[in-house]
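Naming follows writing order (A, B, C and D), and every chain is counted from residue 1.
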Amino acid sequence: MDYVIIGNSAAGIGAVEGIRRVDREGKITIISDEEYSAYSRPLISYYLADKVTQEEMKYRPDEFYNQNNVDAKLGIKVTEVNEDDKKVLLEDDEEVTYDKLLVATGGAPFIPEMKGVNKENISNFIKLDDAKAIASDIKESEAEEVVILGAGLIGLKAAEALIKKGLKVTVVELADRVLSAILDKEAADLVQEHLEEAGINFILEDTIIEFLGDEKVTGVKLKSGQELDCDLAVVAVGVKPNVSIVKGTNVEVNRGLVVNDKLETNIDDIYAAGDVSEGYDMLHEMAGVIPIWPNAYNQGLVAGQNMAGSNESYREGFARNAIGFFDLSMITAGIINPATDEYEVLIDKVEEDKVYKKIVLKDGKIVGFIYLNDVDRAGILTGLIKEQKGVEDIKNQLLADDFGYIDFDKEWRTQKLAE
Amino acid sequence: MSLNYNNPEFVIERDQDKCIECRVCARQCANEAHFYDEDLERMREEDINCVNCHRCVTLCPTNALVIKEYPLEYKKNSNWTGGMISNIQKQANTGGILLTGMGNPTDKKIYWDHILLNASQVTNPSIDPLREPMELKTILGRKPDKVEFDEEGKVKDLPPQLELETPIMFGAMSFGSISINACKSLAQAANEMGMMYNTGEGGLHEDLYPYKDRTIVQVASGRFGVHQEYLNAGAAIEIKIGQGAKPGIGGHLPGEKVGEEVSKTRMIPKGTDAISPAPHHDIYSIEDLRQLIYALKEATNYEKPVSVKIAAVHNVAAIASGIASAGADIIAIDGYRGGTGAAPTMIRDNVGIPIELALAAVDSRLREQSLRNKVSLVVSGSIRNSADIVKAVALGADAVYVASAALIALGCHMCQKCYTGKCNWGIATQNPELVKRLNPEIGVERVKNLIEGWSHEIKEILGGMGINALESLRGNRLMLRGIDLTEKELEILGIKHAGE
Amino acid sequence: MKKVYAREEYCLGCKLCEVYCVTNHSQSKDIIKAYKLEEVTSRIIVETKGAVSFALQCRHCEGSPCVKACITGAMQKDEETGIVDYDEDKCVGCWTCIMACPFGAVKRDEFGNKVISKCDLCAEEGEPACVENCPNAALIFEDREVEEVC
Amino acid sequence: MRGSRPTEKIMSGCAISGILNRRGKCFSGKEIMDSIALMHDRSNGLGGGFAAYGIYPDHKDEYAIHMFYDDLEAKEKVDYFLNRHFVILVSEKIPTREVEAINNPPIIWRYFVRPDERKLSESGLEEDEYVAQSVMNINANYRGAFVVSSGKNMGVFKGVGYPEDIGEFYKLEEYEAYLWTAHGRFPTNTPGWWGGAHPFTLLDWSIVHNGEISSYGANKRYLEMFDYKCTMQTDTEAITYLFDLMLRKHNLPLEVAVKAVAAPLWSEVERMDDEEAKLVKSIRAVYGSALLNGPFSIILGHKDGFLALNDRIKLRPLVVAEDEERTYVASEEAAIREICSKPEKLWSPRGGEPVIGLLEGRSGV
């Protein structure tokens, strides 16, 4: 059996480990346009802030590929997927045939239409190379001021790293708050306040329409007309599934590659996993792209097992994030800004401690939560979402400081802890 | 409120160099003698709350704690001792009876310690119990004078007997006075060791039904939890007339200890005081006792031996003889150092007589009247070690009840505060938080170990005497010698002085 | 695999398990030094409410959501021993494992270091320190799997 | 001095021997003397004695009372007592000869008596019990007097000295009996006392015993409940009374009595069938205080034969042999071979296993 995996990040590695759980023999080829052995993409901000070295970013030890008998073709692009002949064509014209193919190409930066976006010292912040580019731009240009477009996870992680590098940082965000995808307004205000205390300057409800400067960027012009000086810019508006590779095939693409619970696309023997895929979102009860690391790994793992002949399903997809800025941590998951009154919301807030906790319930079950600056044991809630366990009878305990397994009925607790 | 004049009994000394503020002591002290002071950022003590139960000392992982008697000294006075004065002050505060728990701690003569045992030398080989059989099996119950045979020459049935693998039983302690985990520990240990345990007057909790063959069910003046099924749920029945720690008075389990389970087991409303009257109101005479003995035998189809337990009082020999004649199969005598869950201090410390003298007097009297072989004799009231047991058997006992010692094995540190219900060792309490501190699995092992150890020692002592069956020690007072005893004491004990 | 199981009916809530966990994971392995000179976080969580209490630590579960979620590869489940443990050098303290652990059994380092702290079953010592030192046998270390999953 | 009655428990080691002619043929005391003499070293000269069954065929229906008197005053008192309670048919000195090694013998007397019929019927007692109580009364209450034996057609000859000297002293070669038992004594703590020598007797029962009964205190107090007065401070006396209690008073079969004094170990009981286990358990429950503990080998003599028994863990020696018409039992094999060089069978019984030698035609002792 020949397995080919395109993409060498969480989903790709998950797939290798999934295949090897079932099939110790089959040939695995992993192809990535990045030259590095698998590394942790979320760590690029730590890299940029000199918190970790490239060596320390390795997601798996160097022996990983050998030990798992993987032929890793790194630093080379796949140019075409031929579903009929079951092969992929590489940019050096090599052909690699497959019995099972996994597309795990991840996400690509979304870059809105902006004038001057191609000037030097303007970067995205998704891959290690992006971080390296920013670092060298800072060094070469002795950059002092940066404008970041986007106050999402990526933008803010970049902002944090650049503050730590000593730059003056301004974040421009179209929405009315930071981290709008994972926080509600109240939590976002607390986070923003914290980030401002750390030195980040925010301009909300505005966006860049033009990058100024000759070859290198020297400033930005905002939609509001305001102009900001800068010698570095980071565009972190968002990420979209990197679907380009299947152009020319019959693989169904919506926002991402459409997959079923087994991570199969509509084409036989072609699977997709991770940020490129559009799988089942259990909370929204519909397909959706869930571009988060644990999701990518899990999908890869399940896809890998299925490619090797197992019959696993993955229906646990939902958005969840653990992140922190300047020692302010937060864990959020699921639906945190319910739109309708079908939902019940529990909130606990200690403003002076920047602690904010919010739990969103639907039909007596947890569907989302925000834990800000008090993240201990948040995983219990994640687990409850996953299990869809009714919590109506312990609702009053959920936000308590000492909330824990002790609050569950004895039978359930005993059974869980006895596993 | 005015000053209460009470001083702490104990002082807690904490070595701050060793204290790691883990707060185990604070969590474990039901009396709230330890607390963490957030302002001073260190552990502190409330000495007056300390009962010196050693829970904190035992659990402190760094041995940072020592508890001492409060060093405050009263002006020297042999008559008005500190204890006397503080008792008066307590009563002046409350107007109540002085209450206490466990056995008599006063400094009175302990006869066990004035009796020495014999051993063989040369003329009669001592026996090594590790190599030779050594039999401790003990059979309790009414025996006929002779074995009878039917026409076919087959031996006729004896009256019901209890078979013990070692001459030790766990004395009566009710569920209520002690926790269910303590009860379970004793019941299971009795079961595994081939002994008996005794329900006390608390009825029989459902969880203990599996140990019925090793259960003596007690019928006391309150008749708590007594019903047909209960009587038949044990292997023997004991009528409790009195208790060594409080002869002549009844029992009192405060309502706080009567929770759901105790209430169900005792068949009384939850939260009400369980009061056992001083006498059985259907026993005002020896004839009445006889009627009750036979009523119980009738109710159990003559299949269970009936024991009658009395406190050792002045004319115990005559009483015991009467009980034997009244039809009891076993007589249990509880000496004045016997334990209790709660008793008035004045009664505990001043009423009754030592078990050693009572036992000797009863055994001798029963023999004079040729009754001794008909009835079994069980003694209690501070059996502290295996040597006490050997001495008791040699004085004439068939078996002993141990209770305090069993509780000590379970963790009791003799703070004597059983009556408060705040036993930090999970023994004399019904507070679920405290009860679970006694893991019966551990309890069973500890109690079994104790009995095993004692049985071993008894075997060693017997072997030393050149005896390989306990029967040959029973009433064998030639194996005993007294020291530091008066002629009268020797006469009552029926033993010679050492050197004779 | 052998795991630590709590028997809440016997848990005293004394938290000696924590004390011995801290000691065993200290450099000095000395209780007093561990507390007074070192910064060691207990890897156990003792939950207490009223009369109920129990110690809870990593369940070393088969699915190991923490391992799957870990963004750095610091958290790994040892295929042979089944022990889920983390590489402190690789851990960056992103708390993704905290988000993922359905038992809430992964703790943040209490002394502000950006690393996590979780039970490693005292892998090198045989019986875990918490089990060995529980005064009431409320923690037991045993294998409850009917058949070995390999 | 003839020695005085001890006030504390006697401890002694010993030799024992016994010969039974199963066909009831009587033979001279010479053989038993030879047998016991061979085990000279097992005695220390402080006691020896013999029991002989079948020696008084002319008085076989009367109780033969052998007595020791310290002085005539004691004899007078006992004579008075006997006269009041019995009809004395013969009253005579037991013939003895001068033997160098035997010193200071007491006055040694024998009577052949029948209970006074009026007194007997007034007492409401069986004849044997009447005699037994009289014997115990004399032993307990008459200073200077001691009943050596009190059975019918049997007698005990004992004293302070080596057994062979005692035999010679009593001219035992002149007596003929079908059952002889003998004893040589090695007391460690008391001067010899004529009464303290073995055999010890009550009625027809005689006991020779090697060993020390560590259960003595328990046995004694048990017997006291049945009105036995243990006045001799010897194990042998207590053993005699135990057998008397069980065999005569309680009318138990011999094997039941054996199971009481040498009870099977509980571990053996566990392997028994239900019926036997029940029997043994019942015996143990009722007669626990009759259990003989400590090292012993005994020969219980009786008019119908003997019982030889070891303690249940065999701490003292005992050997048995048989030839055509005799059964031999002794502490040492050599003591048997001395008088029967080629027995048909010779064995060493296990601890607690009774050896019963019976006259032909008798079903039990």
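Observations on the model:
What we mean here is this: a residue touches a chain if its C-beta (ideal position, glycine included) is under 8 Å from a C-beta of that chain, and two chains touch if they have at least 3 such contacts.
The model shown is predicted, which means the values in this text are computed figures rather than measured ones.
Taken together, chain C and chain D share the touching chains B. Put simply, the chain closest to the centre of the protein, by Cα centroids, is B. Per-chain Cα centroids separate chain A from chain D by 106 Å. Work out the mean CA point of chain A and of chain C, and you get 28 Å between them. Centroids of chain A and chain B (each the mean of its C-alpha atoms) stand 70 Å apart.
Separation between the centroids of chain B and chain D, computed from CA atoms only, is 47 Å. For chain D, residues touching at least two other chains: there are none. Chain contacts: chain C has no residue touching two or more partner chains.
Taken as a graph of touching chains, this assembly is arranged as a line, each chain contacting the next along an open chain of partners. Touching pairs of chains, sorted by label, consist of A-C, B-C, B-D. Residues 120, 122-125, 127, 132-133, 135, 137, 139, 141, 143-147, 154-155, 158, 161, 367, 370, 372-373, 394, 465-469, 471-479, 500 of chain B touch chain D in their complex.
By the touch rule above, chain C contacts chain B in their complex via residues 9-16, 18-20, 31-32, 34-36, 50-51, 133, 135-138. Listing the residues of chain C that touch chain A in their complex gives 5-6, 8, 45, 47-49, 52-54, 56, 59, 61, 65-66, 68-69, 71-73, 89-90, 92-108, 144.
Interface residues of chain B facing chain C in the complex, by the touch rule stated above, are 17-18, 20-24, 27-28, 59, 61-62, 431-433, 436-439, 441-442. On the chain A side of its complex with chain C, the touching residues are 10, 14, 40-43, 46, 51-52, 56-61, 293-294, 297-298, 301, 320-324, 329, 331, 333, 375-380, 382-384, 386-387, 402, 404-407, 414, 416-419.
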